[in-house]
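Following this message is one structure expressed as structure tokens.
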């Protein structure tokens, strides 16, 4: 990426060209080749291991539907607000029109936007889930991500229940301009309504969670979990490196670093995520 | 400008015209301002005008937060520090007197000369700056002081320590704090309203922009770098995402535009301060009539409704 | 022991004896415990006994917070970090299940071996530790989880960074946070209740001490150093300021004493945990019957009344 | 002071043997000799300059009655709760009995304890004031300091008014044992009642403010001011030096350092203190 001056600081917006998990190590490898140890897997092999490299433990990205399948009790997931789609208020056009990007993303992922929300149960504990999908426009947050997330909060709040969010996002969706930024206070407010109603947000940070999502709901969990090696930062590492002209620590912004600096309650390997969430749902549920 | 927004303004004009002129000149100034706003908004903002705002919003002579504080407030006591780790000079906070009313004020602060620019970190706050802001919000809430925020930042500082100290979480919590407040709040973008660093202190009952301020999810250079891998395409990017006040008003993201002296606020700081002060007082007067919990309810509802949606 | 305190205990004994034994063994255990407490308190604690408690409270085999967590709670999820700067290992915090009830728990944590002692900083917290505690209190308050705190610290860490990060302010605000809570709170001094570092998490509806715990405004060595310029006079100092449980009860500073296995908690961690758990459950059961705002009112009133005064 | 082990950490209790302002620079000089520049003054000269060295600006300690006289409108101060005295619940005896120390301190200072509280007005703004006096047993906080402070809060709370505290304290009063520690939550709670009632605490930190007072009311001001050069720390510098075995920064714990680290709103020279407080009283009063 060409030089970005301090004044041209990117802040919450998507940096997904750089933080795409498949490209994180110099990039370009096959999505089923482990960027850490080089092992290659068939897709069903990886799926069987929850997309964690059986050889070295590297956590591959997980798409939204697969994430839900990993966590939810079979047959309990019902998508909600699946009919919502983004409008194009700015008639945004870069190399191609925004509407075209949206259509392509939907075709490529089968999702209406970068988040999948719905009602489900985990080990018998009813809850809502909101799982982001990085493969839909870099998991960027526009009006639909904000709206689906807010509605998930509101539905969870109705019975003082729980919402599990699994974030994976490059930041706010540039193509919706200032309206994308407004999804920050919108989702922050929705978490507030949920928590005021006695409900609970369990925030799971998957790789990568950067920009606007980090600066809104993903940081407001009653409990915050992170997957091993997941990058979670407000500014992306390249912007930080360019702005500060300092060498970044090797684990800059990674889950393990954020745990050490006091921002994360636990780094949870994917194989333990379901059990951990279930335990938390039981603990938080016992007060009601 | 959308027909609906125009209708809204016209409504307000009509309403004002019909009202008994109890406050005399004040009300006619309000009328005049709205009329002018209406005129300007009737034509679409051109790409040139958008870029002109980008330039003026960043103009090195543009008045900064403390320039306004000095001119608008009758008294001012600056609060320092986050009570934990540092006093971030990119954010100023304090209490002061505006038209006989004690207010709390929080604003980004850029530096005028080289040395001050460094001290103020170009108006780019660390999480500690937002924690100072939150402390001030808490104080405002407890004492019933209306909160005024002045937004003027390229963005939150993208630094190593800033990340390690929880930049994202601080911005999220600052927004949550503003949404919880039960006092009137007015935010004004007085220069650059840069992304998360801006919204952290801009979740207010009334969000205004000065005529030549910009408010955006990403800087034009950042946007251009991502889209065309060329920061020099900034102007093109700005035209694409439209960070100018008129477009923000049209999108329903802000509630009004504060006029600047002809040619921009940098030309006449005093006059710019008079206009800003007038707008603040008018909005605070209106908000003072609303019950505390109702303020909060409306504020939450306003931000809850932000965005444009379609359906399958 | 004062006559009044003894009368209080006798009253409670009488009351318990007259109550229908709905809970069977539990109630008789309660009876037995009170009887034993009464016996022990009837004689004045000797200087030797006081010093014995100082030694046992600091015994290197004494159970620490996580030893109790492991034994008392049916489930436990530890919360980490202050969301700003670090995760202070001298303080542990989390939520867990105690007798079917979800509670939040905060405690000082000492280390068992050399390495863990360093990691845990000998149970001496930085301000960040108290900020982690406050975050957990806030969560407890919001979810209605009763809060249990286990106090076991020589004192807050007297370090350069600890001071720079606001040790005094953090301790003050942690107390304020406990006074604001609208959930039942029980604090138990399980080892050393060292001064400000201890009171930061000990402002509870019920404050208990284990039989051989100590609770004091200054360490015996610190007191001796000031008074006699000789830390070796610690034993003499302890006799002067009486940090043992019986005296704290007598002074009205604590609400009860939790028995330890014969010879001290270090001899049998499991048995110590059973006794502690029993006390916690009993107190939480009692407090569960009190309305939230009434809990807060009583808690404030209790600490408001602390001290002994004369008049001219 | 002889070695204090980490386990013997002093924490909130008085360290006044070391932080007595008159001894801070190796000590022992005449109280009217400036420890910074060596100038010597007659008592009336110093009083005339608010006990600030006219030559170098060093702030000498100010006793409670003189502090009130410096700040209050003439004739407006009325002491309250002056009849309260400490009891001796522990029958504490070190080199001499506590009751004897109390009597000596009262004879030496004319104060019933280390804090003077009452009703007053500053530039016409009615308020309460609570001024500590380091010369009364090192300004240590026992039951009377706690009680007088708490009552001052309550009286101020009655009309949602203001309390100005000027602290100068070596910490909690050892001779009252655990009851001295209980003055921390007692005063913290009192500040809470005041602030909940809409009142305001303006906390002025004078040299030295260490130990328990720092860990309670003095840190909870709506606004915190400090006098130039005033030491404000929880643990005293010597304890910190002994525990950490590190060289302390030259300005360790001083007002200027605390300002830099974000704990103090302003460092206010004594000559400006009255005007600053008056300005704050006006600003906070205007909301009512």
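By letter and in written order, the chains are A, B, C and D; residue numbering begins at 1 in each of them.
The rule is short, and it goes like this: a residue touches a chain if its C-beta (ideal position, glycine included) is under 8 Å from a C-beta of that chain, and two chains touch if they have at least 3 such contacts.
Quick caveat, the model's predicted, so the values are computed rather than measured.
Distance from the centre of chain B peaks at C, each centre being the average of the chain's Cα atoms. Centre-to-centre, using mean CA coordinates, chain B is 41 Å away from chain D. Note on chain placement: the centre of chain B and the centre of chain C lie 48 Å apart, centres being C-alpha means.
Averaging C-alpha coordinates per chain places the centre of chain A 51 Å away from that of chain D. Of all residues in chain A, those that touch two or more other chains are 261-263. In chain C, the residues that touch at least two other chains are 83-85, 164-166, 169. Shown are all chain pairs that touch, namely A-B, A-C, B-C, B-D, C-D.
Listing the residues of chain A that touch chain C in their complex gives 195, 198, 200, 222-223, 259-266, 276, 279-280, 282-284, 286-287. Every residue of chain B that touches chain A in the complex is listed here, in rising order: 58, 122, 124, 154-160, 162-169, 171-173, 175-176, 178-180, 194-200, 203, 215-223, 225-231, 234, 240-243, 247-248, 251, 253, 300, 303-304, 306-312. Residue ranges of chain C in contact with chain B, taken from their complex: 83-85, 127, 131, 164-166, 169-170.
The part of chain B that touches chain D in the complex is made up of residues 75, 77-87, 95-97, 100-102, 128, 132, 139, 142-145. Within the complex, the chain A residues that touch chain B are 1-15, 17, 82-87, 89-90, 92-95, 112, 142-144, 146-147, 150, 172-186, 188-193, 211-212, 214-220, 232-235, 239-240, 243-244, 246, 248-249, 252-253, 257, 261-263.
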